[in-house]
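In what follows, subunit A forms one complex with subunit B and a second complex with subunit C.
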Partner chain A sequence: MNLPISVILRIIVVLVLAFPTLARASETKAEGEQSGGFNVTELLLHHVLDSHDWHIVDIPTGGGKYFTVSVSLPWLLYDSEKGLKFFFLHGHTPEELNASAAEHGYQIDGHGHIASLTGANVVDLSPTKTVLHILMVALVMLLLFTRIASAYKARPNQAPKGAQSFFEPLIVFIRDEIAKPNLHGKHAAFVPYLLTLFFFIWFANIFGIMPLNSNIAGNISVTAALAVLTFVLIQFNGTKDYWGHIFWFPGLPVPLKLLMTVVEIVGLLTKPVALAIRLFANISAGHFMVLALISLIFLLGKQGQSVGGALGILPLSLAFSLFILTLEVLVAIVQAYIFTLLTAVFIGQAMESHDHAEAGH
Partner chain B sequence: MLLESGMDKMGAGIGAGVAVIGAGLGIGKLAASAVESMARQPEATNDVRGAMILTAAFVEGVALFAEVVCLLIALG
Partner chain C sequence: MEIILPKFGLFFWTLVVFLTVFFLLKKFAWGPILKALNDRETDIENKLRSAAEAEARMKTLTAENEKILQEAQSERAKILKEAGELKAQIIAEAKKEAQAEAAKELANARRVIESEKAAAVAHIKQTAVRLSIEVAEKVLRYELADKTKHEQFATQLVNDIRLN
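Our next item is the complex of A and B:
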């Protein structure tokens, strides 16, 4: 069991370490410069949305020019004519990227959507910035939790040590306060999934608050994928009574039974959608707030023309963004808790036996 | 054209505000009742807190639906 894990770890380490070597730097003009003013919406979206490169820093080199440091990520496409294609593109501005893509027979618009020049259907499977960051969080979790697990194996029934003693209360909390009360005695099978869910969302949120990183849970695709996992778990653990309540609600006249079926099916889909949107909106809102507060400095500073304006708002802006960031650290763990709790509650509701459910009517 | 886009933004802004009023009222009422029941029955504090967080998450979820719609209007 130890061998495959160490082999997988080595492969991941090599993959992650390989990315920075692909870092390219080129002299480009920042996008805000070209339009003249400071565009808050553009800045917000650039920081919050997913992209095909990990933008690290723009170093001003004078004359409105910037030296861009970023990690270019590979493109992986499925082309209906050429099959799977894997390549790197050069440059940072949409024009440079488009010129580089043309060499491979593709064109890219300003939003990073790729299309074939020959008219073939293209499916974009590229590992983007969010994918890279999810892999990094996964790597941290793998290293940390395999160490904690092996510590339990090596020293059974003894007081925890090091990282073990930090995580043990959280693990016990998930098991005793989330899994046990909601899952009706079948919690043992779900505790590993709930723990993974909780720690992944928490780590991803904390990772997103740190500088240079993207907000993983602020990407609706990521939260939707997590919600789909919850949805599948709910349906696979649904009892006969659960399905009975959805398609043929007991104790109602037939016209109402048909109406209830529609209502129940809507309710079925609302649960995962609400889960996905709650996590996405909470994390995105924090990032938007911090970025908007920082943008105030540049808005009032009018790009260096009004130093007084920038200095005037600076203390206020920094104090508020520090407050929001502190709140975000709290939100990071609260949202992880709520997602895990609701997953456990929904699975528990689907597993409920009829006698138990009848008492609540 | 300019007027139309202005109306979009205004609607999104008003919508975001109204959604917050709703969520604020909901969570405020919820917290008031929770604190009251904790004071009446201190031994039930943990159960009440658990139920409160769960319900607060639902209230917040509905408000966030509205906020996301407003965000889509404002940016779209």
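Our next item is the complex of A and C:
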């Protein structure tokens, strides 16, 4: 397992490109999809939302035609009548997709929601664009950190070298500054989880900044999954005191105890919800900002009809989007840090046992 | 609105992939890495401690060396002092012996001289007696030629005897 990073990256690119139906050449797109021409809202949502194909770029080939570089991804459904279904759909526009889905007995609306024509319950488990990107992040993490681990095994008790020296301070930081102070001496059991969480969010954010039309942690589903794991960890590590505070708050008259139970249960849920929304909002906001700033060029350029307008806004738009992108690099690690830190803090709070009678909270 | 509604598929796959990555990394990456870090930390700690111990040992060793050196020096000084004393004693004894020897020699010499002197005196006395007898004989022989004088002398001798 001594592959250099560049080789790992090449392997990922080859894997992605080997995925079925890569580039659909020369496809006619509905010219100026809406009458107003350029629709910023649609562009932003199209980028930030998950989809069933990885649409990387459209290269104009003249005459209103485009060479579309995209990766079509399969559909995987759990159908209450037919069990698991796995198929590819053809086409790009909602109409084409719907027609293709009809062959399999399904219909798709404009938002990519799939439903059975027979009225059966359908659960969409498709490996979408974001799932593919998560897998890529996972692959990078697995290759990178097993490689670093073997470097530690190869050179025991020696100073770190190469990638080791870059990641060691981060690993030690998470162990000593996030896990140790918050987890009351039981940190050793949680350090691997916190490390995975931190690097997963960070790498996903970095992946989202790269111009690959990727958005991982800007999906509420992704951040919700991570928050649910945090929620489960908090409850599984709750002490008697923790549950006592929730269901029978000590040192209060009974009516207030009942009121506090409601408040505490709300508090129980707000923690993971806040985690999920914070990460999602921060990352998608960054994407929106950059896309909106870039879109200004096309808005003021009126789809190529006003070159002066496009050129006028260009420097400003690029300068601002460069600023936001640079900020996003910082936000990428800061949000990973915050999510990891708060996970450790919440678990630590649930693990606390209060020896003193508390007057109030 | 769609943007803030979680989708089950993505939620499900995120859980699956994340947990898989977590368990794989825990076993194959974080476990070995954290263990290596801990091992290295304890190794460094141990090495620092043993270095401190070695330093302390060196210090006591140096102190001991100094003590040994001082002891050796004082020993040397003692030996030198003793040797000096011994020397003085030997010289003094030798002197005393020499003096005694000299005194004995002197006494011997004196005794020899005394005896030689006594012998010489005796010899002188004998010679004086013989000479005086010879003189007396010669005198007598000369004196006895005259009768009166002879009588006179005899009388005188008798008188002398009386006096004695």
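Points to keep in mind about this one:
As a working rule, the second predicted complex is superposed on the first by the 322 of 361 C-alpha atoms of A that agree within 3 Å, B and C clash if a C-alpha of one lies under 4 Å from a C-alpha of the other, contacts with A are read in each partner's own complex, and residues count from 1 in each chain.
In the analysis below, a residue touches a chain if its C-beta (ideal position, glycine included) is under 8 Å from a C-beta of that chain, and two chains touch if they have at least 3 such contacts.
All of these numbers come straight from a predicted model, not from anything done at the bench.
In the superposed model, C is the one of subunit B and subunit C that contacts more residues of subunit A. When both complexes are overlaid on chain A, the residue A:I171 reaches subunit C alone and has no touch with subunit B. Of the two partner chains placed by the overlay, only subunit B lies in contact with A:T41; subunit C stays clear of it.
Of the two partner chains placed around the shared chain by superposition, subunit C is the only one that A:P127 touches, whereas subunit B remains out of contact. Looking at the shared chain after the overlay, A:L325 reaches neither subunit B nor subunit C. After overlaying the two complexes on the shared chain, residue contacts for A:H111 are found with subunit C alone; subunit B is out of touch. By the touch criterion stated above, A:A285 is placed in contact with subunit B alone, subunit C being left untouched. By the document's definition of touching, of the two partners only subunit B reaches A:A274; subunit C does not.
In the superposed model, A:L342 makes contact with subunit B only, not with subunit C. In the superposed pair of complexes, A:N157 makes contact with subunit C only, with no contact to subunit B. Overlaid on A, the two complexes show subunit B and subunit C touching the same residues of subunit A, namely 45, 280.
Against subunit C, the residues of subunit A that register as touching in their complex are 45, 48-50, 76, 111, 123-128, 130-131, 134-135, 138, 141-142, 145-146, 148-150, 152-153, 156-158, 168, 171-172, 175, 188, 191-193, 195-196, 200, 219-222, 224-226, 228-229, 280, 284.
Residue ranges on subunit A touching subunit B, taken from their complex, read 41, 45, 177, 274, 277-278, 280-282, 285, 337-338, 341-342, 345.
Touching subunit A in their complex are the following residues of subunit B: 50, 53-54, 57-58, 60-62, 64-65, 67-68, 75. Residues of subunit C that touch subunit A in their complex: 2-15, 17-22, 24-26, 28-34, 36-37, 39-40, 43-44.
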